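In this document, chain identifiers A, B, C and D correspond to the written order of the chains, with residue numbering beginning at 1 in each.
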C-alpha cells in the first residue's frame, strides 16, 4: 500500500471521494451468499479507483446472536496485545480468532484481521451508569482514539463489516465473503481523491449495529460535526460517513425518533413544500427543522444505512447523486446504478428512482413497527 | 407626454433645496444646458416654479393645472386655455397682461414676468418633454407624477370630448 | 476670543467654471458652511464649519464642489499623528470630553477581510440559486434539545416562540431620539418589506410604528425609556441591552436639544431634558439579577416572545455568553468594537472592547463545549459591511447579524461622524424638522430593501457556491473558512485553518 | 326650432354655450345679438383703440367657435320683447322666434350723465366696439379730449386717447379715482401715476354743460371752469338692459333678479351677466356685479341648468384686476368695513406698493393690492371660501402672502379641493 505521511493519513485530513454503493436485502430474513453483493458492486468498477472497498453483512453469526462481534484491524502485532488486554479489562471474551482471509494479488500488506465475540462486563458498565450500547460506543471510541494502530471495523450483534484498501470485489475475495450467509448486504466502492494511508477509513462505517455506506460529499460537515460534538460524539475519521452514522445513532437510538422522521431530518423538506402542507404536518415539519437544523445533511449524497431490522436508502434533497431501487418478491435492491441491480436480478417486479429526500425503507417482515432502538 | 398627468406635491418631503427652480430654468432655456442657462441666459429665462420657505416648512409653488381652472374661466381674452391633456397653458399672443388670472389663482402660482412685465409666467408642465424637469430632479420625492383621475364625465372645459373615468395610478416614471 | 488654533479640518474647492451660484448648497448646509454674497452675486464658503458630510456635493446640480482633507500638515511625526495633535487642541480649547459618532475608525485589522470562503469544485457541484431553492429562512430563539413524539406520532415537544426572518440580517438598535422618526419609520417599513426585523433601540416605540409589531424587536435598556406593558407586547421579540460595542461599560447620552415633543412623549421623559441611560442596569449587578429580569419580561409577555440579551464584546465574552444562556436568555447578541453609535466618548469608542470576529468564535466554541450551542441563538453585530461579512459571521457560528452603520449608509449617511451635534444634514441623526424631512421614509425604505435584497442574492450565490442550499448547514461550518495573513494564534482563536491547509 | 335661445353674445352667452355643450352635444342653440360682431372681449376695446392689439386678437373664442358648437347666430338683430305665455321672443323687425329655454344675457349699456348740451358731434360713449370704431375715425386731427367719469372705463378710455396722441382731461365727481373699488390712500398712488403720464385729473367736480353748437368745443364745470376740447367721452357708469323682460311681471331690481341656478321668476327663462342681479357672497344683498369672470361663470351654470342638470353658481363678489401705465392693481371683496372690522395695511413707499386687507369677525372680507400683485389670488380664495384667518392674521401683512403661510389643514383643503374642484 502507498506510504502516506502521518499528517496526510485519513483522520488527519478530510479526503473527499466519489463512490459506488449497493445494497441487497431479503425482507423475510432468508440468508443468501455474499456472492450476489460482490457481483453487483463489481459491475460499478469504474466508480471506484481501488483505494477503498467494503461490505456490511447482517445475519452472518446466528450462533453468537447475543454477543457483540468485534472485527479488529491491527497494523502491528503490538496493537493486538494492547487491545486484547483492554478486552479482558472490560469484556467477557467468548471467542477470539483470526478472520479467515485469502491472498489477493492487488491487496498489498493487509493489516491482520481478528474477530472477537464479547459481552460487556456488568460491573463495568453499571459503574459508568451507561446502558450496554452506550458502554460499547464509549469503549469503541476509546480503542479507536487511544490504541494507535488498532481499529474497530465493526462492533454490532450478528453482523460484521469487511473493509480495506482495494477494489471492492478484491476485498470481497480477500475476506472470502462467498462463504458467509446473510439476509442483508451492503457494499461500497470508493474513489477517494487521495490514498487514505490505512484501512480504517474505508466504508462502511459502523457503530453498534448501524452500518453506513455513502456516495457523495457533505458540504454541511463542519456544522454537523460541531452539532454532534455537543452530544459527545468524537469524529476521529473526519469522514462524511462517520458523521452520517453518528447522526442516525443520535436521532434513532438516543432521541428515539422513528426511521422515517430521522430520514426527514437528514434530508429535510424545503420550506416551500412545508408551507404547502396542511396545518398538522406543517407545524410538525416546521418545528422539526427548527430543532434539528444543524443535523441537516447538505450537499450531494446517496446513503445506504444497514441495521439488523432494516435497510434504508436515502438521497439528498435535490438528488445530486444517483440512487435506484427495485423489488422482486421479498428481495429489495438499492444501488447507485440500475445496471448493478439488473446484474443480480434480471427482471425485478418493480424498479424506480426515489425522489430527492424520500427514503426507501425495507424492513424484516416479522419485526413489527414499534421497535425503536438498534440494540 | 401622452397621458393626462398631474404633479403631486408632498410638502413633508420638500427639503427646500431649490433644484426644481434650477432645472425649471434649464428646461425653458435655449441651450437646455445647465451651465449655459445660468452663465449666459441667466436674466432671460425665469423659473416658472417658485420655492417658498418658512423654516421648517418649504415647498415649490406651481400651477396645479386645476380641472375646473378659475384662471381659464376668468381670462378675458381666452388666452388661458386647456390643451387636450387638460394642461392649463397661456397663449402669449392673445394675452394682454390684465392679470385677472393672478387675481383668481388660489395657489399664487402665476407671477408677472420680470423681463416682460405685461405677460404672466406659469408652469407649462414641460409639455414638450416626457416629464416635467422639476419632478425629474426633485431629490426627495416631494414632486411626483400621478395619472390624473377625471371625476365627472360630463363637465370639462372648453368643448373637449367626454373623458372615460381613469383610476389614480402612481406612475413612478 | 475669536482666535482658534484649530485649522479647518477640510477645504472646500469650488470650480468656478461649473458653479452657477444657484445657492442649492447654501440652502442645504445645516452647518452654514456656504453663504451667498448678494453684492457679488456669488456663493462663498466658510471652511471651518465644514464637516465633509457630502450633502452639498450630492445636491450640487453641476458637480462644482469637491471637499478635501485640509492638506495643512504638521511637521511629520510618527508618534504625534495629526489626529492626536488636533484632539489635544480641541480639548485644550473646550475642556470637555471628546465626543464622536459612528464606529471606531482606528486601523485595527478587519478580520472579515482576512477570512476566505470555500467553493465546490469537482467533488461536489455548486448549487445554482437561480434553478434550485436556496433557503435563508432563519429562526432565532431557544430550541429544545430534542424532538419527542406522542404515541400516535404527533408532536409532543413544545417549541418556544421564535423570531422568524427571511434571511439572517436584522437592523440593529438605533433609538428614536438619536435617529429621526422618518429614519425609524424607514427601518420599520424596510423590515416589513423584506420580512426581517428591526430593533427599536432604547428610545421606546413611537405610536405610529406599533403596526409594524411583527417585524419589531423592542429593546429594554438601563434607562427603561418608554417601557410599559403595551410596549413590551408590541414587538415580536424583546432585547435587554446590557452593552453596546462602540461604548462598552458606559450608558447612553441623548443631548436635551434632541429631546423634542415626539421623543419626549415616546420616551416618557420631560421635553428638553438630557436622556441619560445609566452605565449598568441598576437592577442587574450579577448574573442571577439578569435571570430575574429575563423571566420578569417573559412572565409579563406570557412566554410568547423570545428574549435576547445584548452585550458588548469584551475580554470575557465567552464566559458571559454562556452565563447568559444559562440565565434563560433565548438569543445572545454580541456587539464588536467597530460597532457604531450616535454619541460616545472618543477614547472609549477607540479603545474599549474586542473585535466581533474573535468574540463570536470564542462564544460559539464555548457554548458548543458546554453542549448548549444549539439551544440558544447567537447574533453578531459591530460593523457588518457587506454580504461577505454575513456569510463569514454565520460560518463562524452566528445565527444572524445586526447591521447598523450599513443601514444608515443605505439611507444616506456619509459617515461624517458628527451625529452627536444633532444637525445631521441627511435628516437621519437629528430631530430638527427642517432636517428630518430630508429623509423621505418611502425612498429610504426602498433603498434599505434594495440593500437587503441585493445581499440576499449575493448570500445565495456564495452559499450555493459552497454546495449548500440551506443556511442551517452554514452555521458554525468553519470548514468553509480559511485564514490568510493571520498568525497561528489568531487562526486558533477563530477556529479556522490557514489557506492551503 | 332650437331648444336653446340666448339673447346677447358676450361673456355670459359664451359661458352658456359652453355650459350647454358640456351636457347636451346635439340640440341647436340660437343666439340673437344686437351688435354686428362675433363675441369680442369688451375690456380689450381700450387696447384696440390704443393700437396695442389687432382686430383679430379681439375675438374671445375665435371664428370657428359657433360652427363647432352648432350655434346659429343672428348678428345685428335686437330682441325687443319676450312673450312668456306664447314662449317666443319678438325681434325689432317684428319676427317672432319660439324658444323652449331662454337666456337673457343682454348685458348693460352706458348711462347718460345729467349734463346739458349733449348730443353734439364729437361726443362718444366708450362701451362697445362700434363706439371705438366711430371714436377712432373721429379723433383724426383732434388734440384735446375730455372724459366724464373717473371709473374703470373712464380711465381706460383716457389712457387709450392719450396713447393716440390727444391731451386728455378726466372729470370725476368723487374726491378720488376708482372710488368704487379703492380707498383714498390707494387711489392717491394711482392718481400720481396717471398724472405723471400727462393726463389732467379734475376731481370732486362734474360737468354742468357742453359748449358748442353742432360740434363739441368745450365743457363748463360746476365751479364754472371751462375746458375746451373737441372730443367728449361719456363714461359715467352703466345700466343693465332689462327692458326686454319688462311688462311681463318678471322680478326686476336694478337687474333681472335670479336665484343661484340663474333662473328668473319666469319659468324656463334664465338671466346671466351684467343684466342679472343675484345674491352676493359677502353682504347677502341682491346686486349686479358687472365683471367679466362672474358673467362667464353665471353663463356656464345657466347653460348647464338649461341643459337639464342641476347646478348652483357660487355667489359672486366684486373683484377687479387692472393696470394703468405699468401700475398693477388688484382688488376684491368689500371696500368698507363694519364697526367690528379691522384693517391690515402695509406700504412700501420705496417701490410704491400698497396692500390693504379688511378683516371682519376673523374672516378676510376685502383686499386692495397696488404695485405688487403677485399671489393676490390666495386672498381672493380666502374671501371666496370665508376661511377663518385668525391664526395667520399677522402674516397677512406680508407682501407675498402665499399658501405656505396658511395652517396645514387649510393648505391641505386648498390643494385637495381647489386642484380638482368641479
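As a convention for this text, contacts are C-beta pairs under 8 Å (C-beta built on N, C-alpha and C of every residue); 3 or more make two chains touch, one makes a residue touch a chain.
Remember, predicted model here, so these are calculated numbers, not experimental data.
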item	value
Graph separation of chain A and chain C (steps between touching chains)	1
Most distant chain from chain C, judged by the mean position of its C-alpha atoms	D
Between B-D and B-C, the pair with more C-beta contacts	B-D
Intercentroid distance (Cα basis), chain B paired with chain A, Å	80
Whole-Å gap between the CA centroids of chain B and chain C	44
Chain A-chain D separation of Cα centroids, rounded to whole Å	106
Inter-centroid spacing, chain D versus chain B (mean Cα positions, whole Å)	29
Two or more partner chains touched - positions in chain C	none
Residues within chain B bordering two or more other chains	53
Pairwise touch network: line, ring, star, complete, or other	line
Chain pairs that touch, as defined at the top of this document	A-C, B-C, B-D
Interface residues, chain B side, partner chain D - complex	6, 9, 11, 52-54, 57-59, 61, 64-68, 70, 73-74, 76-78, 93-94, 96-108, 110-112, 117, 149, 151-152, 154-159
Chain B to chain C touching residues, read off their complex	12-19, 21-23, 34-35, 37-39, 53, 55-56, 137, 139-142
Interfacial residue positions of chain A with respect to chain C in the complex	14, 16-18, 193, 216-217, 219-227, 229-232, 254-258, 261, 268, 270-272, 280, 283-284, 287-294, 296, 298-300, 317-318, 320
Partner chain A, residues of chain C touching it in the complex	120, 123-125, 127, 132-133, 135, 137, 139, 143-144, 146-149, 153-155, 157, 159, 162, 364, 368, 371-374, 395, 466-470, 472-480
Touching residues (chain side chain C, partner chain B) in the complex	17-18, 20-24, 27-28, 58-59, 61-62, 427, 432-434, 437-438, 440, 442-443
